[in-house]
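Each structure below is given as structure tokens.
Below are two complexes that have chain A in common, paired first with chain B and then with chain C.
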Partner chain A sequence: MITVSDAWKALHLGQLLPEAYVEVSYYITEPGLVDDVTSSATGGAAFSKADQIKDFSLRSEPMFATFENNAWVLNGKYNFVPSPTPFTGDVGYVSDAVSLSDLTFTANPLLTLQLGSVHAAAIPGITITFAPDRNEWATDFIVRVYNGASLLLTDTVTGNTESVSVRDITGIEDYDKITVEIVKWSLPDRYARIMEIALGLKQVYTKAELFGYEHTSSGNLASAELPKNSIQFKLDNTDGRWNPSNPTGLEQYLIERQTISVRYGFKINGSIEWVKVGTFYMSEWDTPSNGLEATFTARDSLEFMGAIYNGTRSGTLAAIATAALTQAGISSTLYSLHANLSAITVNFTADTTAYTISDILQMCAHAAECVIHQTSTGVITIAPLNTFTSDYAITQFNSFTFPEYTLSKELKSVSVNSDLGTAVNGVTGEILTSDNPLIETEAIANAVATWLVGIYGDRRVLKGNFRPDPRAEVYDKITVTSKYATDVIYLTQIKYTFNGAFRGEYEGRVMA
Partner chain B sequence: MTLSLITDRRQEDVEYLLSLIAKGWDGMTGAEQTAFNTQLKGAYNYTDFNRVESAVAYLLPIFADAGYVITTTTKTDWVADDYVTLAEATRYLYNITQIRNAFTYLSTTPASPASLAALNYSSANNIEQILLDAEMLIAKLVAAFFYSGELYLGEVF
Partner chain C sequence: MAFRALVTVGGVDLPTPSSYIGLTADLVDAGRNVQGVTVGAVVRSDVAKVEMTWKVLTPTQWSDIIKLFNPTYGGSFFQSVTFYNQSIADWETRTMYPSDRTSGGAYRVAPLTGVPTHWKDCSLKLVEA
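Entry: the complex of A and B
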């Protein structure tokens, strides 16, 4: 369940919902480039975090209450610096000195993005996000691109009036450092603030530009298959910007695995509360030459793990999963492994089967009685199902139809690895078999068999259509009220569509 | 001493300030630039903190003399370079809440804001209205002692 405010939860109990929003941010850049960037700055307030600015993160400024003249506006949007410091959370860069009466600075703030190596691929531009939540920006600034000590380009900007500035530095290749020097700010007596400097173009599509939007996610409670999480959106192409034959169009920059971030919002008390929904990666696009619409499909990072695993085949499940994730290029900050995986040691070096990275992750999760999913913040997590029943409920109030019950086949027993481990559920029905080369002992096989009986012992599967609170995610444990009963289910499929308002479909399994 | 506090902030003040910010300095007229250089009612500045904290510091000994001892601290030297931490915001509002809860107020006295986060013009007004009502009521309370009979033990009228 995505974390939201109490006000967000409360509004979903009302008859009418306020205005809803979907925002899709598409980053046209070299895939993986951000992982090679380190950001820093000269100076900085005590709570500044210049190391955060290097990526496209959809970071929202925390709106700290500071005492520059007339900076803390009494509009209910300001907050406080957490104490004590240091603290976690998004901040971005905040300078340590304010702008002077002529809007300049005693010492110009200088932000540097240093790449680990020289990058040959051309970047279509650079997107600088100053302080849009405050409606402030640098009016004058200088972008410089370097290769070592060689200055490749100087882009001097004067009279800027945008809080998000896109600089066209098309054609720049073989670079390893970019700096942004802030010369003048939009207001006197203000700290300079930069939320993001992204190497590439950031295209933000709101509901005004989205001709259609769908978000589909599914998961398997027994890790019998990897979860799927994808979005599909349609954009206006009447001006031909996505036309493949348009020499100045954007189609030329489309590359598989480019990053797409999505957030949902609701207008609450006059302002929009946003929640990050996830990070996706461009997978497919359909941009017909004469089409009025361009259709894009993006999936989460688990979809791109089809390479053959070449890591260790002995050790703890945690070590094997770590090797798989590392091979997939997932940094250690972007995955989380439950302690269950550290408690099981295996050795399948004799098994020469060519498993993919995704196979390995799935087998590790299955053997450790866990599920895999990617959180809304982009962290791949392998952990047991959450046992906490969330406060969210699908009731007759927010359902378009009563939930439909279907029954899976009656389960007699479970057999793991050809009866290495078994568990009995009843006297009739089918025998569920599970084969996992990472289950090597009878004790673990029996434990997994018992776990599977717990999942599939109850035959009831519920599905329905509802007016969703889009904070609900696959694997959430929620209550569903039908005409005659209230059941607790684990969500296994959710589909949100947005056409000015959210509509949802769900499916889940009842578990005792 | 009579407290001089601000309780007449309006939504229009907030909207005016937001409109100036949206224009940027170069987009403002000369008059707007002059106004922006003052401390506008649509914002909460360090001077607001100092005014409120000074009022609290002024009231605390009066409350104590009347038998309402409130143990707290005040900071009256906020400057423009400061920023508000969660701990300071909590302390700031705790002082107001303690004064508000000290005795029974007027039916028109606003409640103390639950949090200083998401402060708006109305909440800012309420904080200072509480202090004004506190000053007025504690003065009446002390004066009432003299109307209610003997001032000192053994007096005969």
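Entry: the complex of A and C
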């Protein structure tokens, strides 16, 4: 369940929801480029974090109270800088000197994005996010692109009036360094701030630009298959910007695995409360030459783990999963493994089967009685199902249809790895078999069998249509009220459709 | 205080209409829940629409209005419309598009040439884009 405010929760109990928003931020850039960038700056404040500005985190400024002239409004939204410094949260770059009365600086702040090697692939420009939360920006700044000591090109900007500046610069290729020099700020007596410098064009599509949006996710409670989490969105193509035959169009920059971030929002008390929904990666696009719409599909990182696993085949499940995730290029900050995986040691070196990375992760999760999913903040998590029932409920009030019950086949027993472990559920029904080469002992096989009985022992599967609160995610444990009863289910499938407002479909399994 | 046209389209004042209906709408995605109660979500608030009729206009006046929305004559389907908005009791400018432009036929015809000299019951609706 995505964390939201109490006000967000309360409005979903009302008969009429306020206006809802979807924001899709698409980064047209070289995939993986951000991993090769190191950012730094001259003259930062004590709490400045210039090393953060290179990523695409959609961070919000913490709004620290400072003594800049007319900056600290007593509206309850400002915080003091936590002690001790340096501050470890998201803050981006903040200069150590304020702008002068003529908006210039005594020493121009200079931010540098250094790449580990020369990148030949072209990027269509850069996107600089100054301080949108304060509605401030650099009016004059200079972007320089280097290859070693050679200055390749200079983009001088004067009179900028946007807090997010998208610089469409032709010719950024064969480069290894980009600098941004701030010359003038939009207000006097203010620190220069940069939340983010994205190497590439950051295109933000809101409900004004989206012709359609769907978010579909599904998961398997027994880790019998990997979860799927994807979005599909449609954009206006009447001007041909996505037309493959348009030489100046954006289609030429479309590459698989480009990053897409999504936020949902609701207008609450006059302002929009946003929540991050997830990070996705461009997977497919359909941009017909004569089409009025361009359709894009993006999936989470678990979809891109089809390579053959070549890591260790002995050690703890945590070590094996770490090797698999590392091979997939997932940094250690973007995955989380439950302690269950460290408690089980296996050795399947004799097994020469070519498993994919996704196979390995799935088998590790299954053996450790866990599920895999990617959180809304983009962290791949392998952990047991949450045992807490969420405060969110699908009730008769927010259901457009009563939940439809289907019954899976009656379960007699579970057999793991050809009866290495077994668990009995009843005297009739089918025997569920499970084979996992990472289950090697009778104790673990029995534990997994018992776990599977717990999941499949109750035959009831529910599905229905509802007016959703889009904070609900797959694997959430929630209550669903039907005509005669209230059941506790784990969500296994959820689909949000946005056509100006959210509509939802869900499916879940009742667990005893 | 100078007289101000009730509706201006693309900077061109329209003749004062014989009737003027202002309409403010909220677009809501609604459905009935299993209890039979309507539940919904606002898609967009405060969408404006104005409906105007003129009892009598000269052919030139009516033609000039129609041409405002015709690109062939320098007009545009979507126009910047300044109108007296009932929601705020003041003039406001929004982007709008027209409905069918209809007239009720010739009110008067020149007896020697058969050319209409006046149209009657001309009607125009403008809807916020």
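Throughout what follows, the second predicted complex is superposed on the first by the 495 of 512 C-alpha atoms of A that agree within 3 Å, B and C clash if a C-alpha of one lies under 4 Å from a C-alpha of the other, contacts with A are read in each partner's own complex, and residues count from 1 in each chain.
Here, contacts are C-beta pairs under 8 Å (C-beta built on N, C-alpha and C of every residue); 3 or more make two chains touch, one makes a residue touch a chain.
Predicted, not measured: the structure shown is a model, and the values here were computed from it.
In the superposition on chain A, A:Arg134 makes contact with chain B only, not with chain C. Contacts of A:Asn69 after superposition: chain B is touched, whereas chain C is not reached. Of the two partner chains, neither chain B nor chain C is touched by A:Val488. Residue contacts after overlaying the shared chain place A:Pro188 against chain B, while chain C stays out of touching range. Contact with chain B, but none with chain C, is seen for A:Val81 once the two complexes are overlaid on the shared chain.
Of the two partner chains placed by the overlay, neither chain B nor chain C lies in contact with A:Val164.
More residues of chain A lie in touch with B than with the remaining chain of the pair chain B and chain C.
Touching chain C in their complex are the following residues of chain A: 15-20, 396-402, 467, 483, 499-503. Interface residues of chain B facing chain A in the complex, by the touch rule stated above, are 9, 13-14, 17-18, 20-22, 24-27, 36-37, 39-40, 42-46, 49, 78-89, 116-121, 124. Taken in their complex, chain C has these residues touching chain A: 27-29, 31-35, 37-45. Every residue of chain A that touches chain B in the complex is listed here, in rising order: 45, 47, 64-84, 98, 103, 134-137, 139, 159, 161, 186-189.
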